[in-house]
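All chains are identified by letter, namely A, B, C and D, in their written order; residue positions are counted from 1 within each chain.
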Amino acid sequence: MKEALKLVVIGGGSSYTPELIEGVIKHHAELPVGEVWLVDIEEGREKLRIITELSKRMVEKSGLPIKVYETLNRREAIAEADFVCTQIRVGMLEARKHDELIPLKYNVIGQETTGPGGMMKGLRTIPVILDICKDIEELAPDAWLLNFTNPAGMVTEAVHKYSSVRSVGLCNSPIGFQKWLMGFFKLPAERIYAEFVGINHLHWVSDVVIDGQSKLQELIDYPQSYKASNVPFDGWSHRFLDSLKAIPSYYLSYYYMTEDLLREQQEAARTTGSRAEVVKKVEEELFQLYRNVELKEKPKQLEQRGGAYYSEAAVLLMRSIHNDSRDIQTLNVRNGKTIDFLPEDASIEVNCIVTKQGPLPIPLRKIPASVRGLLAAVKQYESLTIDAAVRGDRQTALQAMAHHPLVPTVSIAEQLLDEMLEQNKQYLPLFH
Amino acid sequence: MKEALKLVVIGGGSSYTPELIEGVIKHHAELPVGEVWLVDIEEGREKLRIITELSKRMVEKSGLPIKVYETLNRREAIAEADFVCTQIRVGMLEARKHDELIPLKYNVIGQETTGPGGMMKGLRTIPVILDICKDIEELAPDAWLLNFTNPAGMVTEAVHKYSSVRSVGLCNSPIGFQKWLMGFFKLPAERIYAEFVGINHLHWVSDVVIDGQSKLQELIDYPQSYKASNVPFDGWSHRFLDSLKAIPSYYLSYYYMTEDLLREQQEAARTTGSRAEVVKKVEEELFQLYRNVELKEKPKQLEQRGGAYYSEAAVLLMRSIHNDSRDIQTLNVRNGKTIDFLPEDASIEVNCIVTKQGPLPIPLRKIPASVRGLLAAVKQYESLTIDAAVRGDRQTALQAMAHHPLVPTVSIAEQLLDEMLEQNKQYLPLFH
Amino acid sequence: MKEALKLVVIGGGSSYTPELIEGVIKHHAELPVGEVWLVDIEEGREKLRIITELSKRMVEKSGLPIKVYETLNRREAIAEADFVCTQIRVGMLEARKHDELIPLKYNVIGQETTGPGGMMKGLRTIPVILDICKDIEELAPDAWLLNFTNPAGMVTEAVHKYSSVRSVGLCNSPIGFQKWLMGFFKLPAERIYAEFVGINHLHWVSDVVIDGQSKLQELIDYPQSYKASNVPFDGWSHRFLDSLKAIPSYYLSYYYMTEDLLREQQEAARTTGSRAEVVKKVEEELFQLYRNVELKEKPKQLEQRGGAYYSEAAVLLMRSIHNDSRDIQTLNVRNGKTIDFLPEDASIEVNCIVTKQGPLPIPLRKIPASVRGLLAAVKQYESLTIDAAVRGDRQTALQAMAHHPLVPTVSIAEQLLDEMLEQNKQYLPLFH
Amino acid sequence: MKEALKLVVIGGGSSYTPELIEGVIKHHAELPVGEVWLVDIEEGREKLRIITELSKRMVEKSGLPIKVYETLNRREAIAEADFVCTQIRVGMLEARKHDELIPLKYNVIGQETTGPGGMMKGLRTIPVILDICKDIEELAPDAWLLNFTNPAGMVTEAVHKYSSVRSVGLCNSPIGFQKWLMGFFKLPAERIYAEFVGINHLHWVSDVVIDGQSKLQELIDYPQSYKASNVPFDGWSHRFLDSLKAIPSYYLSYYYMTEDLLREQQEAARTTGSRAEVVKKVEEELFQLYRNVELKEKPKQLEQRGGAYYSEAAVLLMRSIHNDSRDIQTLNVRNGKTIDFLPEDASIEVNCIVTKQGPLPIPLRKIPASVRGLLAAVKQYESLTIDAAVRGDRQTALQAMAHHPLVPTVSIAEQLLDEMLEQNKQYLPLFH
């Protein structure tokens, strides 16, 4: 077995990186990372420098034999990598702001990963990730690509469809729910089995089993289900959950409570600004902290940034792949036969057993009867979006937009598409 | 082969019946009907009498050896039938009025077969049809059930799922489009092959082939596609159809142009009243005509009633089954493997080859890439509705309502369901 | 529509050609063939000349505006063809002789299309047919390829898998059974519906329906089922058919009565010689007749050659494609979802509805419960053989041979493969 | 959690029971068995007494709080059981003798679980197991049934199809291969991942992965693959395995080397007698040992009996279910979508992750291309046999026998069936 692993972080200048570094340090015994390469683009040079310095201080404090490198030369970094993590944001927070605000003008949900905003993010991001994959295919064909980059489901599906790179998509939402369950039941993770059914940012928990007994009804009857700081959402209709017989991801509130969330978004846009703008301020404050040469650990304030547990999910996955641990994790993988009404090459988000050769999806015990349609509809939109992104095809993009369940009519789809493609012009060379 | 066939019409007092009688007379050479039994319920006794008298006059004029019977005793009629047609309306036009008007209050499409209105019609109708099926199973197990009763797709699926009766669902929409194509191309039906993909009132024509050549693009580029008198709709976006690469059924305008149609419906409700109220007046005028003892044929005015070609579709189907004609007709049948992302026991509306043993769906050449999601979502709602109807289950009904693509939020679904179930109380004994 | 069709016959020097010419003349009204191009290779120059002369005399006698051409230049012939028929025999009857005799030495069935002999014929033929397909792709991309060349199932599957040519496989066995049924029931073809389930030379008739009534049991109980002159076979066990609830193709006797047929073959090899040798003599006599310049029609003696109705099947298929007839024919086509336990890209032999855009398989009503395994096993062998043929891969060829249900052990498979590949050396350049 | 578990052994008088008791003692910490109920029938009363006495002495020596009960009252034993193990032999070794010897007369493999012998064992056993299941459904609906009884695949499938009992089929063959691999690679089990593809007694190992690297080719190239004492078999053709790209179960030698094994069996029958007769003697010797009141542990000689690791497999499975261990074991379970060309309700033998709610099959990475046909054919025979067993249907039994790949012709199938059904008359009440 190789002595020391090479880990590459594309988008290394992200404010999240210190969390990942913390995880790498913490799990070094089981995941012997020897080199961490932080890669970014010219526009991120300054942030990359700040993050690299902080990372070096953290590693130094740990006393572990880990070297941290910074580079703008992606190919140099990727060569012979063992793991490549991508956490990029094409167009940065400025592009996100428009993803969030333009739909609101048409009374359509404006969100980073769901609806027209997520579609634009997909169109911008997929060609860039596939470009990275070409480098990995050439320079590190045995590497694993861990994709955190949103929209993680579509990006992962695009990689499966258009590249030979071994890849897994990661989201912090399932691990977040697991953590919430651990607190609720006061039990360690391995005592709780939560079955996830769905796709990224559109999953349902169809059962929670402890010691062979289903706890689903107990959770449905519990008045306040779990929340996430970055989704403004206030609780489900008990009557609805009771008949659904599953717990929806909080992202499903965009579908099940569209009007409430739309009103909240429009109100927020008028007052505090878009979520992108809020995040921009948080980021500035974080980098202010990171610059402090006395800081030698991840600052507490990072936790408020949203995206908690991202790095934990990533480190646990690398550890299990590296050690052939065969434990269960909730990941974004190729469907195969798991969800029989979705295409085999679709990406889905389900429990997997993680082996050295990658994650294998575990057969689902039950799929809630009523969610098949919505799941199929959103996956259809995703497949069309991927297709449009790869070919820069406006016709397919219109079909994707018009068939998204949150876009109410074809005429609005046409207007949204035109305005958003124009806004994203510089990031969509294939379309222009 | 049996000398003379016995045809039973459940809902014989319908204003449509004269059209069916006309068809039976016209095709007598190939479909030797000897007896027509018109069945209705107590509330329809008067209409039944009027229709029976008119039918007798029509038959008499034809000089054919056909006997027309009227009865309120359904079992007597069904015994040893060859064909049973159902054209019933549980709750009559009064119930339809509420199906159409209640959703409008919530800014939701109010329509006879699509959306919450169609759901209520399904809940009222399915148990009654299954009750008829029990009689057929017992008294005429070899009979064919031709179901015209809306929502025809759900009713047909319910019969396939819960009864052993041999059954086909019929709609006038596909034959209507065929007729329009015949006029457009000035060619007989057998020279034109239109491929239908979808389910009842939610289909797309994925191709039109004449003499081996696709005419799809020509049709897409033609400025005014076909219309139907009973759907207030003014034309598709050419840009949208051009990227869809299919021609949607006019019922799809409820999904693709929701807001426009909602406005039209709300405007109409304020001025001319609901469609049910319009139809009520037309019906009264028709029965006025029918009463005239000099009338010995189907009056021209019936054609304005909507539902043109219903009887032609029915007579052609009976003729092809009777003669093992093996011609192609567009029918509602069990899916099997035809549309691979829908359940095998779903009803779908596709081209079939009609044999003595019933229609066999012909494999589809192509399914437009972008419609799979919407198709799956509506079929999911239909399956839930059937399940709810059979068991009188409010929880499942809520899931159906909440997951209907035209119902925007869960809270509206809850309110709509409560109000509509209450309104339909007397027709939903299983729910109350 | 094109005025006159161009028909190309690859292997035009075959003794069967006069039958095809007869068919073309007979159906000229519905299939307006203007040119027939007979193509052969250098070794067949003499036979090609004889056949061409006879064909010209036949056409002249008919008075129809058909021109007959002969050529050794395949590409010249194929250019702008409407239909291309292939009836080639790579290695000629000499190769067939070894296909039949070598397996007998190992106590294995020696037959032209079934078992190791069929496998060798497949290995020899598939690359040649794919080569022809390349010419069609280039020179006549809209042409239909009608493949009569055995093993027709494997050849058709290879074309579907490795070429874009529109292709159908044809066998005279289904039409032969249809003719037998017409005689037995004294009814025209369109009154009888026989459902075929399976693959080429391995099908079962799962039902025969006349006027909506199944006649299957009557046929099973009939003491002598149909025979074909070229399969030495004497009748099924009634007890077996009665429990099978289907009528097997006569080729299935090689599987169901292996030992009896093996004994007959070994006896025949000792006395009359292999079937190839018998055919060789028949062919010589036929060409003797063909040379007669007074002969202006297909001689009666051709019917004894075996392969009756081949040309009828071909002309009927061309006619239905040309006229978009939408009638039902039993053909070798891509499986799709028709037989759900076989791969979608497998060729199967089932009833199809023949349209201008080609045949569409009709869904099967029932598949006899007990035949799935044998069907899957033989199809598996076929897929492996196609794969081996295309790549010249000995390992895959060994797997095909070893898993053929008629090859009893791996060690015999190894010996058979070695001896037969060596024998066929000159016809298997990819393997040597 | 329940304090102490109740374990029931149907067929408790089997010579294997001491091994199971040993396992229960050894794993008591993780599997707290409090009661072991040994059940047998009147004919086994004496053996049951001997086994019970020995078991009590073993438990006493261990000092653990386990009570051992003996009973002929199956229902008393089953009531409120946690685990029920079945290890019965309907007709005892005398019936097995005929299973082995009758086919040899027809030059057909005579074996306990493979071929006509296995079929008869299935017909005798399935109704008895289903009878036991009725008791479990009534008296211990939450119990897990662990079925060791051969033919384990068919028996397990029958239970899945005709009972609601939660059931798993167990075979010692996969664990035996795992043990061999551990010795070969000198590594603990959790470091080796062997992928099993197939059904009981007909599986292939498609890959063996250690630390992420495939060791398959190394194993194929190793001259002597593993053996089992109860299958007389001397080694595979390297050339064959090299092209198969998988390692077949030793039971596959009956299919791949039929003639060699048939000769060995016929020779053995003439000299040492059938395997049943050999086993009978071993059993007598074992019971001689068991009677010794000084014996307080499993005697070494039991290991020569064959069936090594049976009890280890059973105890490991119970332990993992009880503790929700989520480790990987190779088990016989319902197929679902795992092997896509087999029916969903077929039993298959594959790697599973074992949870408190039972084993979930892990998706297969690869299925060797050439084995699909044989797998489908044997599974088809198994399904037919189960169907025949449950209904006592001779026609279906004939189809099963005739379509078994080791039965060469229909006429031999008919004779074998008649003679073997007659021989088994007293154990097949449904057939007589």
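What we mean here is this: a residue touches a chain if its C-beta (ideal position, glycine included) is under 8 Å from a C-beta of that chain, and two chains touch if they have at least 3 such contacts.
Per UniProt, the chains are A, B, C, D = 6-phospho-beta-glucosidase.
Just so we're clear, the structure is a prediction, and the values are computed from it rather than from any experiment.
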| item | value |
| --- | --- |
| Least step count from subunit A (6-phospho-beta-glucosidase) to subunit C (6-phospho-beta-glucosidase), where 1 means the two chains touch | 2 |
| Centre-of-Cα separation between subunit D (6-phospho-beta-glucosidase) and subunit C (6-phospho-beta-glucosidase), whole angstrom | 45 |
| Rounded Å distance between subunit B (6-phospho-beta-glucosidase) and subunit D (6-phospho-beta-glucosidase), as computed from the means of their C-alpha atoms | 55 |
| Topology of the chain contact graph, where touching chains are joined (line, ring, star, complete, other) | ring |
| Touching residues (chain side subunit C (6-phospho-beta-glucosidase), partner subunit B (6-phospho-beta-glucosidase)) in the complex | 1, 190-191, 193, 209, 211-212, 324, 326-328, 336-338, 340, 353, 355-357, 360-363, 365 |
| Footprint of subunit A (6-phospho-beta-glucosidase) on subunit B (6-phospho-beta-glucosidase) - complex, ascending | 237, 239-240, 242-244, 256-260, 341-342, 369-374, 376-381, 383-384, 387, 394-396, 398-400, 402-403, 405, 408-414 |
